[in-house]
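The structure's right below; bear with me while I get my questions together.
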Amino acid sequence: MADALVVRDLSKRFGGLLAVQSFSFSVAENETMALIGPNGAGKTTSFHLITGYHRPDPGSSVVAFGRELVGLKPHDICAFGLARTFQVARPFGHMTVLANVMTGAFLRGRKLEAARERAREAIAFVGLEARAHTPARDLTTIDQRRLEMARALATEPRLLMFDEVMAGLNPSEIDQAVALIGKLSGRGLTIIIIEHVMRAIMAVASRIVVLDHGQKIAEGEPKEVMSDPDVIRAYLGSGYAAKPAAGEAPC
Amino acid sequence: MKFQIKARTVSRSRRRFLAGSAAAALASGPITSFAIVRDAKAAETINIGGLYPVTGSLAQTGQDCVNAAKLAVKMVNDAGGIKALGGAKLNLILSDIQSDTTVTRTETDRLISSYKLAAIHGCYASALTLIASEVAERAKMPLITGSSSDQLNQGNRHYTFTPFARASQFAKTQLEMSKLVSDHPKVAVVFENTAFGTSTSAGIREQAPALGVDIVLYEPYSAGFADAGPLVNKIKASGANTLFPVSYLNDLILIIRTVKQAGLKLAINGGSGGFVMPEFQKSVGDLAEGLLGVEHWNHDTDADALKVNAEYKKQYGEFIFEYGGGLVAQTFMLAQAMENAKSADPQKVRDALAVLDVSSGFAAMCPGGRVKFGPGGKNIYGQPVGVQWQKGDLVSVFPKSMAKAKLMQA
Amino acid sequence: MAGTRIPPGVFVAALAVVAVAAPLAMPTPFYVDIMIRVALFSFIGVAWNLLGGYAKQLSLGHAAFFGLGAYTSTILEVNYGVSPWIGMLAGGVVAAAASLPIGAMCFRLRGPYFAISTIATAQVLMLLFLKFRGLAWGAEGTTIPNLGDAPLMMQFAAKAAYYYVALALLAVALVVTWLIERSWMGYYLVALGEDEDAAEAVGVNVPRIKRHVFAISAFLTGLAGTFYIQYIYFIDPNTAFSFNISVEAALVSIVGGIGTLWGPVLGTALLEVTSALLQSWLGAGLGGVQLTIYALILMAVILLRPTGLIGLLTDARDRLFGGGKRTKEVVFDG
Amino acid sequence: MLITLAQAVVNGLLIGGIYALVSIGVTLIFGVVKVVNFAQGEFVMLGMYVSFFLATRLGMDPIVSLVVSVPVLFVLGMLLQHYLIRRVLGLGDMPQIFLTFALSLLMMNVALMAFSANYRTIQTAYSNLALHFGGLYVPVPKLIAFAVAMGLSALLWVFLKTTDLGKAMRAAAQNYDVAMLMGINPDRVFAVAVGIAIALAGAAGSLLMAFYPAYPMVGQVFVLMAFVAVVLGTLGNVTGALIAGLMMGVAESLGIQFVGADSGMIVVFVMFLVTLMIRPNGLFGGWAR
């Protein structure tokens, strides 16, 4: 299978802190990969680097569907087919759910009616139809995350990057989310998730990459990665069980 | 009708509000507008409009103008009003133009269109006067003003009258005076970058060579600075022995103080503007003593001016300043024009002003002693008067024909 | 948005009829003057609102574009005899062109940084026009030649004509805003105003949209500059680049309802009518009363009713027609 | 030439001390409560009037009247925080920018009604005095003002570095959430921070009164410069504001000397815009170090 995303030597230094260090991985088309690691490991920073929010240090390379992304702006990257969500959902508060998702839909066509149609589809996909005309800031946190997924979907991406969309969900909600990701994968999308909910990861991911202190410490099938002693040490050392609390600062 | 009743209650409640505050000067405004409403019905009154900035950056001087304008109307009325019109009384309709151009435009229009006016006067600041003049010209309403900008006499104007010396005339007097205090005047001209500053100083630069005066520094500055230090530093470096600051009050106070602190020995001629305001002397105290200036009107030039000054001083506690005194004269010029025209119709008042020729009485109370408007509405006899601060008073010292005291050598 | 119970078409048509017929009903030209001010400052407010209200880029330097537009047409008219009608368009184009470098500088900054940098930009332009007398009359300024009744040169004997010009400009700005509000661009503007990063994440080219809306806003503001100078017959740097213009543009939008089509119109109507009435009631000796009242209105809106007058009106409507939920903020629906 | 240059630098530093004092207030408020106080200049104006009336009614020296203006404005600052700023925290740019903007407008115009537009000056024994040495002169009132301004800045620095409350302020400025977790009472910290900032404006006013005329719009003369200094010094950075304030004074003075007296502000603004293009976050990163 062809690679959807190939990341080589991704590095980022903030002042004296090496947030991400020669991080390399690749994701095959239509694969669902999970990026895991303790708090502060550099997962969200990696998302920011891949999607153009931070500029990677020289020598880094991010190739998606055969095209180098380093140096592109986030909106270019989105237009190229990489959509993401934020760790703490960032809906457009004073817009309704529908308007939020339409904003995403306009990327693939500027006609109002068509965008509205595509937005309604995406809203239905995440199960928010009943709230279509609710202002986004009045939604529950969980619905805000759903909204963000719908908004990302409306941009008709080839590669989706979800940053902890399941944090704080109850078991039945997690099942819904897992099913949703399965459905997306079924449509042929490539998916990368940052997640702490192990049950979900085991259910959706075909492969896991583990980051610790900005470095990749393990990569492979879920089962084998979870039994890797380095991974266990990294997690136990940083109190894996205490999750989820307030995570890394957004951006 | 309803409108008038409302105006009354607003004025009253405002007076109550102000009674407790220190703004006694401000309170006098509403009394007038109150009076207007009351008097507007009386058939024998003649409305004249006054446009002055009572708020905004020019508020202080604007308020003084209003005080003078009121005094002038009172004087005309006390003397029997317009006799040719059966002793009709003048009624002053004031408007606050807020030191703002839009407001000036609309207020000039409002006064002209809302009241039956015979003439208007205003606005102290040249830029505002220019706007009022444009409106007045189009509405065919005579405007008489003490503003000195030469632009007011240009552009085919027929309804704008300027009875006093023009900015361009000030320069010559200022340069001539500099030779009284120094054999070889080396002049530093520092002027605020406003219409007043640039037009006045341009005249100085043009005329200096002919009068044998060296300009060693010609420096525009941003009005309203935080510190005069840098400017004074430039003056010092220029080697000047004479300083012409063309400034309003605030900057001037700082310049004068800083010159003193820097230990510079300069003959200073502050021209007009802030320099000839009573507040200037109050603000800098003894530093004012001996400083020179140029005005289009001074309160000691003749017996009539002295009378006006005494009256004003009684009411407001300080001598009547240049623009205010000129305003009194202007009001009498308007009254005289109405006497001559036997009418308060603006067109007839304008025609009477155009052929006015007076050389006595309050209407002729201006340096030059005679008022006759030439082309462009400019008084062909208007001339500036050189003044000096002596013992807290502003005394006429130049030219000799108008001098009331000897020039004090610093 | 506002006016959904009555069909919006009917509402707008009725309003248009009233606006066009109004000068005929005015007892004195003074009221027409007030209406000119309302139309003009509404127009500037609507132009500001595109950038400041929808995209939340709180400019306090729109006087820069106002002044550039004003100077362009005045220079063309006084020095080259070009009709201000043409000059007005040229002024708009110059203002829009100037918005590009100004935007390139100021958009690097956000929030209060942005606001302060726009103030600085307008100030620099004013100081440059003051300093370089060769450019355009320096501090002394100039008056517009008196041509009597010359409609082709934008000079009218009838005051109502000025009103109709201002009204037409306002109509143009409202139509432009309405079209933008109902298109993808409206969504993009509101989205980037809410959260620039999130907007980028869904493919909004934030810098480009900002540039575009800034240019449109600047163009319209430039037109206003020309009209204003023709109306007051005089130009100088302090007038053309007056900080008050920048403030008024923002103020009327906020008081009326920021980020709404009709907000700036309502805000201007309230502030200008209040100011004009105060002026005529108190005459001279106003001594700061008017601006004190402006400031109190502004504070009240910010603290009590961030939706402005539009919010009050929609509430009143909802109370009349049932519903009755208090609108806390303007919400943009699909 | 050298004397002229030296004098220009001295002049710039002296007035820069006042800019710095105003700027520090602005930056302190921004750092702690994240609101730009557009009314800072009007509190300077208030400080001037306090000193003016104390001088004319009670004959108190304007510098001495600091002991009144500073506490009075400190209390006003706490009230400002409690009744106004607190209500717009976290509400986004619009209310935060325009609330204090409206306050500025209100204060100017109420002052106009209460005090009239007159320029008010005080004559003290040292008003027109200057120290002369080696061709340079230093005006005494400005020197006193500069010295007191620097002293107050140093006091503030010590306060922020050594006291619990000061440390709490710096913590709140750096990371609000973390500060809350540390058990800091934000209402108290915020009120004190705004109080101090406004008190500094009042101090600047009293110091100015010794050599600058008071009038209702006087705050505008100083506040725009202060904003520029605050942004250049990095919003929220107290040391940055101090240095940038002094720099602004010198830049303005040199601009007047070598470019033109109508160009001081042009030089300053252009410097400001260019710096922001190169370093959008000002010259100094982060909070006071």
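Each chain carries a letter (A, B, C and D) given by its place in the written order, and its residues are counted from 1.
Simple rule for what comes next: a residue touches a chain if its C-beta (ideal position, glycine included) is under 8 Å from a C-beta of that chain, and two chains touch if they have at least 3 such contacts.
Owing to the predicted nature of the structure, the values given are computational and were not obtained by experimental measurement.
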{"item": "Labels of chains that are neighbours to chain A and to chain B", "value": "C"}
{"item": "Chain separated most widely from chain D, comparing mean CA positions", "value": "A"}
{"item": "Separation of chain A from chain C, taking each centre as the mean of its C-alpha atoms, in whole Å", "value": "42"}
{"item": "Centre-to-centre distance between chain C and chain B (centres being mean Cα positions), rounded to whole Å", "value": "35"}
{"item": "Contacts with two or more other chains, residues of chain B listed in rising order", "value": "23, 26, 55, 59, 193, 220, 222"}
{"item": "For chain A, residues contacting two or more additional chains", "value": "none"}
{"item": "Multi-partner residues of chain C (each touching 2 or more other chains)", "value": "127, 130-131, 287-289, 291"}
{"item": "All chain pairs that touch each other", "value": "A-C, B-C, B-D, C-D"}
{"item": "Contacting residues of chain A [partner chain C, same complex]", "value": "51-53, 73-76, 78-79, 83-86, 90-96, 98-104, 106-107, 110, 112, 115-116, 119, 132-133, 135, 151-152, 154-155, 251"}
{"item": "Touching residues on chain D, where the partner in the complex is chain B", "value": "4, 7-8, 11-12, 14-15, 18-19, 109, 112-119, 121, 123, 127-130, 132, 137, 139-140, 142, 211-213, 215, 217, 221-222, 225, 249, 252-253, 256-257, 260-262, 264-265"}
{"item": "Contact set on chain B toward chain C in their complex", "value": "6-7, 10-11, 14, 23, 26-30, 32-33, 36, 50, 52, 54-55, 59, 66, 93-96, 98, 100-107, 109-110, 113-114, 126-127, 130-131, 133-135, 137-138, 149, 151, 155-156, 193-195, 197-199, 220, 222"}
{"item": "Complex contact set, residues of chain B against chain D", "value": "18, 21-23, 25-26, 55, 57, 59-60, 63, 190, 193, 219-222, 224-227, 229-231, 233-234, 236-237, 249-250, 253-254, 257-258, 260-263, 279, 282-285, 287"}
{"item": "Chain D residues within the chain C interface of the complex", "value": "30, 36, 84, 87-88, 91-99, 101-103, 105-106, 108-113, 116, 216, 224, 227-228, 231, 235, 260, 262-263, 265-266, 269-270, 272-273, 276-277, 280"}
